[in-house]
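Structures for review follow.
Shared between the two complexes below is chain A, which has chain B as its partner in the first and chain C in the second.
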Partner chain A sequence: MMKKIIRIFRKDATIATRDAMLIYIIVIPILLAIGILFFAPGVTDSAVKVAMFESDAPAHIEYMENYVQVEQFDSMKEIERRVGKRDDVVGIVPVNEGYEIIVEGNEDQSAIESAEVLNTLFELGATRENTTAEILDFGKTVPPLKTKLVNMLILMVIMLAGMIISLGIVEEKSDNTISAMNVTPVSQNGFIIGKSLLGGFVALGSIVVALLIMGYFDINWLMILLVGLTSMILTFVIGFIQGLGSDDVIEAAAGVKMTMLPIAGSIAGYELLADKWQWTMYWSPFYWAYKANDLILSKAADWGTVLICIAAVTGLSMAIYFISIPKIRKGLS
Partner chain B sequence: MKLLSSYLKEMKIASRGFYFYIEIFVAIILLLVILVGVDPNPDSKMVEYIYYDMPEEVYEFIIDKDIKEGKIRQIDDTELELKPVEFEVSNKESGEIISYTYEEKKTVLSKTYQKLNPDTGKVKSTIYILDNEEDIQRLSVTTGDIAATITANEEGEFSYRYFLQGYEKERFSNILYILHTYSPDEVDAQRDLQVVREIGVTERMNNQEAVVPVFVTFAGALMGFFIIMSYIYLDKDEGVISAFAVTPSAVWKYLLSKTFVIITTVVISSSIIVIPIMRLKPNYLLFYMFLMIITYAFAALGLLVASFFDSISKAFGVLYLTMIALMLPAFSYYISSFDPLWLRFFPTYPVLQGFKGILVGQADLAYVLTYSLVFLVAGTLLLALANIRFKKSLSV
Partner chain C sequence: MISVKNLSYSYSNDEKLAVKNISFEISKGETFGFLGPSGAGKSTTQGILTGLLKHQMGDVMVAGYDMKKVQNERFNKIGVSFEQSNVYSKLTALENLKYYADLFDGPTRDPHELLKIVGLDGRENDRAGEFSKGMKHRLTFARSMINNPELWFLDEPTTGLDPAIAATIKDIIRAEKAKGTTSFLTTHNMYIADELCDRVAFIIDGEIKLIDTPKSLKQKYGKKLVEVEYVKEGQLYKETLKTVEDADRQKIADIVKSYDIQTMHSKEATLEEIFIQVTGRELI
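Take a look at the complex of A and B:
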C-alpha cells in the first residue's frame, strides 16, 4: 500500500516538474517572501505625509522630515494637485509671516492635526533637547503588519497547494487516467493520499523556507510545523473537492474563486471583528489556522490555545472530508 | 453581425456553465457581508495603558478636566488578564537594559475611558488606567499596544515615560519627544494662528464604500484576466479553436466575443455590489464605461498570455505572478503610509484611483478619460497581438 502511494506521489512530482508547475509553486511563495521583506519597512513608516515647496526654508523642510514623510513641489498648483489625490497628504506653504495648511477636506482628522501641531512646534522652535518625555522599548523587531502579511502568505500557499491537487485531478480526468486507476490494485484511499502528498509537502516546505527568508528563526517551530501539518489536511480536502467537483478548467477556476471567500472572510473576521463577535468565524478552518499562525509568529502563543486551534482545523477539515466522501467516491468512479 | 451572433452563442454557453452563477453568487455573498458585517463608521480599536504616578487629587483633576471638555468619557471598569511573561526593557539613550520575569497569571480591575473625536463623537482609543508601571509594561509587551507613565513632580510639572515595542520607526519616537516640549495651551494658541484652506469638497468613503473600488478592480476586472484564460483552455481541450481553421469566421471575432462574455459577467457582478452600496453617488455612465474598458484591457492581456501556453498548468506561473503583481496597489490603497513611486507604474494603481473618484461621484474627468483611452489602446494592441499569435497556430 505504502509503496503504491509513494509511486503515485513520485509520478505526480515528475509530471509537475515537467510542466514547471512544481517550480512555480515553490518559487512563487519564496518570491513573495522576499517581496514582504522589502515591503515591511515601507508599510510601517509614518502615516502622515506633507507637501511643501522646494523653495521653502531648508531648516523647515529638514525639521518636518524628522517627523513625517515630506514631498517637495515647485508650484502651488503642483502642491494642490498632490493634496487632491486619493491618499492623505496635507500641504504646508509659507504665507506672509506664517504658514497656510492646505487640505482636501476628506483626510483623516489625525493626519491634519499631526501636520498642524508639528508645524506649530517648528514655529515655536521646539527641539528634542527640551522634551520631558523618555522612551523605552521592549526590543521587538518584527512589526505586526509584517506578521499579518506572512500569515496571509501562508494561507495563500495552502490555497495554491489545493490548486495543484485540483488542477492535477482535472487533468487526470481529461486524460481518463482516473478510470484507468480503478482497474489497478491501487485503492481509492491510496490514490487520494498519493495525489495529496505532493501538494501538501510542497505547501509545508514553502511555508518553512518563506519563514526562514523573512527572519522568523526564533519562533516555536514545533507549533508552526504542527499547524502546518494540520493545514495539509485542509489542503487535501480543498484540492480534492475542487478537483473532483470540476469537470473542466473553468469549473476549477470557479472553485478557486469560491475558496477565496472563506479565506478572505476568515482573515477579515479575525482582524476586524470585536472579541464578542469572533465566534461567528468558528466554522472556518482557515480562521483557526490564521489565528494559530498569528499567535505563533507574534510569539504570543501558548500550547493550550495552539492545540485548540489545531484540533479545530483538523476536526473541521475532517468533517468536510467525511461529508464529501460520497462526492469524492463518485468523482473517482 | 457575425460578431453579435458569436457573442450571443458564447453568452448562451457561459450561462449554462457553473462559473457564471458562481460569479453572481460570490457577488451576492460579498454584498451581504459588507452590508451586515462591516460597520460603515467603526470606532478605533486603538488601546493605551496608562499609569498616573501622582497624587490622587492631581490625577482626578486631570481626568475631570478632560471629561468636562468632552475629550474623554468613562465607561465600565474592565477586568484585564496579565499573562506570565519574560521581557527586557531597554533605554536606547542611556543603554540601560532591565529584565523582568512574571511567572504568575494576574487579574486586575482597570478604570476605563474612551478618548473621543470632538467633531464626530467617535471613539479614537480606549484608555486603561492601572495602578503601577509593572502592570502597564506587562500588558503592553503582550498585546503590542502602547503604554505610558505620566509623572507629576512637586512643582506640578509633568514628565512622560513611553513604552514602545521596538519596531516603531524613528519618526514615531521623534514625534513623541517633540510633543512634550511645550504645554498644550501654548501649542493651541500658536496653532490657532495657522490658516487652514480646503481645496475640495470631496467626501471620505466610509468603511463599507471603501471595499467597493477594490472589489470592482480585483474581483471584477482582474478576474477577467484569469477567467478568459480558463475559457480559452477549455475551448482548446474541446478543439473549438482548431475548428476555427475550417470556418469562414475570423479568429479575432471569436476572441472578441469571449472578451464580451467576460465584460458582461463583470458588469453584472459589479452592479450587484455597486448599486446597493453606492446608490446614487456615482456617475454610472462613466463607471460602466471605465469598468468595460478596464475589463477589456485585462481580458486582452489574458488572451495574449494564453496564446503562449497550451494548458493552464503551464500558464500557471505567469498567471499567478501577474495577478499578485497587479494586486500590490491594494496595499497602498489601504495603507496610506505605503505609496512608493514604483507602485504608481502598476496598471491597477490608476484603476483604483479612477474607480474611487467615480464611485464617490467626484471623479476627475480628465484623469478618467485619459486612462480610459490608455487602457483602450493598450487593450486593442494586446488583442491584436493575441490575434496574430492565435492565427499563426490555431492549435496552440
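Take a look at the complex of A and C:
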C-alpha cells in the first residue's frame, strides 16, 4: 500500500509542475521570506531599540549602534514620546556625570536590562574587541517582530498546503478520475493519504527553507516540524472538503482562504488579549500552533509546553476531522 | 463470473428506481450485452457491479466477491472502461497508463503495446488534455486492459467513435474474448450487441425484458423481410415489408406493378427490429 500511496504523491507532483497556480503557491512563501529578509532590514536587527539625544557624544552613539538600534532625537519631549509608543524603546539621556535610563514601564524586562548593561559597558570603557559575545547576548537573541512575522508566514504556509490539496481534488474532479481510482485496489484511506502528501511535503519544505533563509539555524527543528505537521491536519480536512465541494480552482482557493479568518483571529488573540482573556482563544488549533511556534522561534520553548500545544492542536483538529470524514468519504465515492 | 438476483437501485433512495428487480448470470468467458436505449439503466447496473454505486437491494456476486462487502483487492481481476472518458488531462497518454499500472498488484501490460493497439502510438508523450474526445475514449479503453482483467466492464465501448476506430475496438474485444476474458458490455447499438455478444439482455426503464442469444432471437422473432426502394412521382421511397403478412404482401405486389423499382432484396430482421417488437420502443 505504501508504494501506491507514494505513487499517488509522485503523480500529483508531476501534475503540480505543469500547473501555474500550484507553482505559484509553492514559490510564494519563499518569496515572502526573502521579502522579510531584504525589504524590512530593521526587522532582522536587534530586538533592543534605544532613543538618544542627537547631541550625545558621537562615540557613545556609535558604540550603542554596534549592538542595538539607535533612534536620535533633539529634545527630551521627543524622546519621552518615542519611549511612550507601543514598541519597546528605552531612552538613554545624559544627566550630570552619568546617564539616566527612561522607560515607560511596559517594556520587555530584558530590553531594559540590555540597554542598561550596554550603557554601563560603554561607561566602563569596554569595546567590542574586549567584550565577549555572551555578555551581549542578554538571553534574548531573536527580535520579537521577526519572530512574529515568521510565525505568521508558517501559518500561511500551512493554509497554502490546504489549498494545494484542494486544488489536487478539484483536478481529480474535473478530470472525473476519482471514479477510475475507485476501481483499483487502492483503498479510500490510501487515496486520502496519497492526496495529502504533496501538500504536506511542500508545506514542511517551505517552512524549513523559509526559516533557513531568515537565519533560524539553531532552533529546535523537531519541535517546529511536529507543530507544523499537527497544525496541517485541520487545513487538510478543510482542503478536502473545499476541493470536493468546488467545481473550479477559483472556488476551491477562495474556500480555503476562509481559513485566514480563524488564523488571523488566533494570532490577534494571542498577541493582543490580556493573560486573563487568553483562554477565550483555546478553541482554535491555530492559536496553539502560533503559541508553540512563538516559543520555539524565540528559543524559549520547553518540551512540556510545546507538547501541551501539540496535544491541543491535534485534539482539536482530530475532532474536526472525525466530524468531517463521512462527508469526505461520500464526496470521494 | 457474475450472478445478480433481484437487484434494484434508486439514486434518490426512494421508490423511484433506476434499476428494477433484475436478475441474470454471466458465465466465465462469456460476452454479455446489455442492450437498451439511453436512460434504460445500463450504466447504473454497471456502476453497481463495479462497486462505484453503493449496493442497495438484491444479491450481487462479482468475480467471486459479494458486493455487499468492500474488498478492494477484487479490482486486481477487474477492468472498467467508462462511458465518459476519465484520464488525467495534465499527464501524457503514457504517464496515464504507467500511473494506473502501478496501482495494481499483479503483472500489468506494456503501456506502449496498449497505446499501439488502440491507435495512439506516436501520441504517447502528448498530454491527454490535448486529445480529441475519441482519443480520450480510446485511452480510457486501453487503460481498462492494463491489469489483464479476467472480468471486463465496457460501458458503450464504441459510442461516438468513427467507424474505422469502432471496428478496431470491436477487434480488440473479440481478441480478448478469444483469450477467455469475461465481458459485461452495455450498448444502445444493436450491431455491436449482435456482432460481439454471446447473449444479450433487452433492458428498458430499468427492467430486463428478455435474455437470449442473438441467433435464437432472430429465429424466434425475425420474420422474413423485403426491403424495397422505388420511385414514385419522381421521388425515391424506401420500405421494409414483411413477407408473412397479407397486407404487406399486397403492398409489395402493388409497388412492383405500379412503380419503378430501384433495389429490392429480402433480409433477416435486425436485433433493433426485434427490440422494437418486444419492447414497443426504439433504441435511441
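Methods note: the second predicted complex is superposed on the first by the 215 of 333 C-alpha atoms of A that agree within 3 Å, B and C clash if a C-alpha of one lies under 4 Å from a C-alpha of the other, contacts with A are read in each partner's own complex, and residues count from 1 in each chain.
In this text, a contact is a pair of C-beta atoms (placed from the backbone, for glycine too) under 8 Å apart; a residue touches a chain by one contact, two chains touch by 3 or more.
No experiment lies behind these values; they were computed from the predicted model shown.
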item	value
Touch count on chain A, higher of chain B and chain C	B
Partner chain(s) touched by A:Lys4 [first = chain B, second = chain C, both, neither]	second
Which superposed partner A:Glu251 touches (first chain B, second chain C, both, neither)	first
Which of chain B and chain C A:Ile308 touches, first, second, both or neither	neither
Which of chain B and chain C A:Leu225 touches, first, second, both or neither	neither
Partner chain in contact with A:Glu171 - chain B first, chain C second, else both or neither	both
Contacts of A:Ile323 with chain B and chain C, given as first, second, both or neither	neither
Which of chain B and chain C A:Ala180 touches, first, second, both or neither	second
Intersection of the chain A residues that touch chain B with those that touch chain C	19, 171
Interfacial residue positions of chain A with respect to chain B in the complex	19-21, 23-24, 27-28, 31-32, 39, 42-47, 49, 66-69, 80, 83-88, 95, 98-112, 114, 116-121, 123-124, 126-128, 130-145, 160, 163, 167, 171, 174, 248-254, 257-258, 261, 265, 269, 272-273, 298, 300, 302
Interfacial residue positions of chain A with respect to chain C in the complex	3-4, 7, 11, 14-15, 18-19, 171, 175-177, 179-187, 333
Contacting residues of chain C [partner chain A, same complex]	50-52, 54, 72-76, 78, 80, 82, 84, 86-91, 95, 99-100, 102-105, 127, 140, 143
List of chain B residues in touch with chain A within their complex	17-19, 22-23, 26, 29-30, 33, 37-38, 83, 87-93, 117, 119-120, 124, 140-142, 144, 157-169, 171-182, 186-187, 190-191, 193-204, 223, 226-227, 230-231, 233-234, 237, 311-314, 316-317, 320-321, 324, 331-333, 335-340, 352-353, 356-357, 364
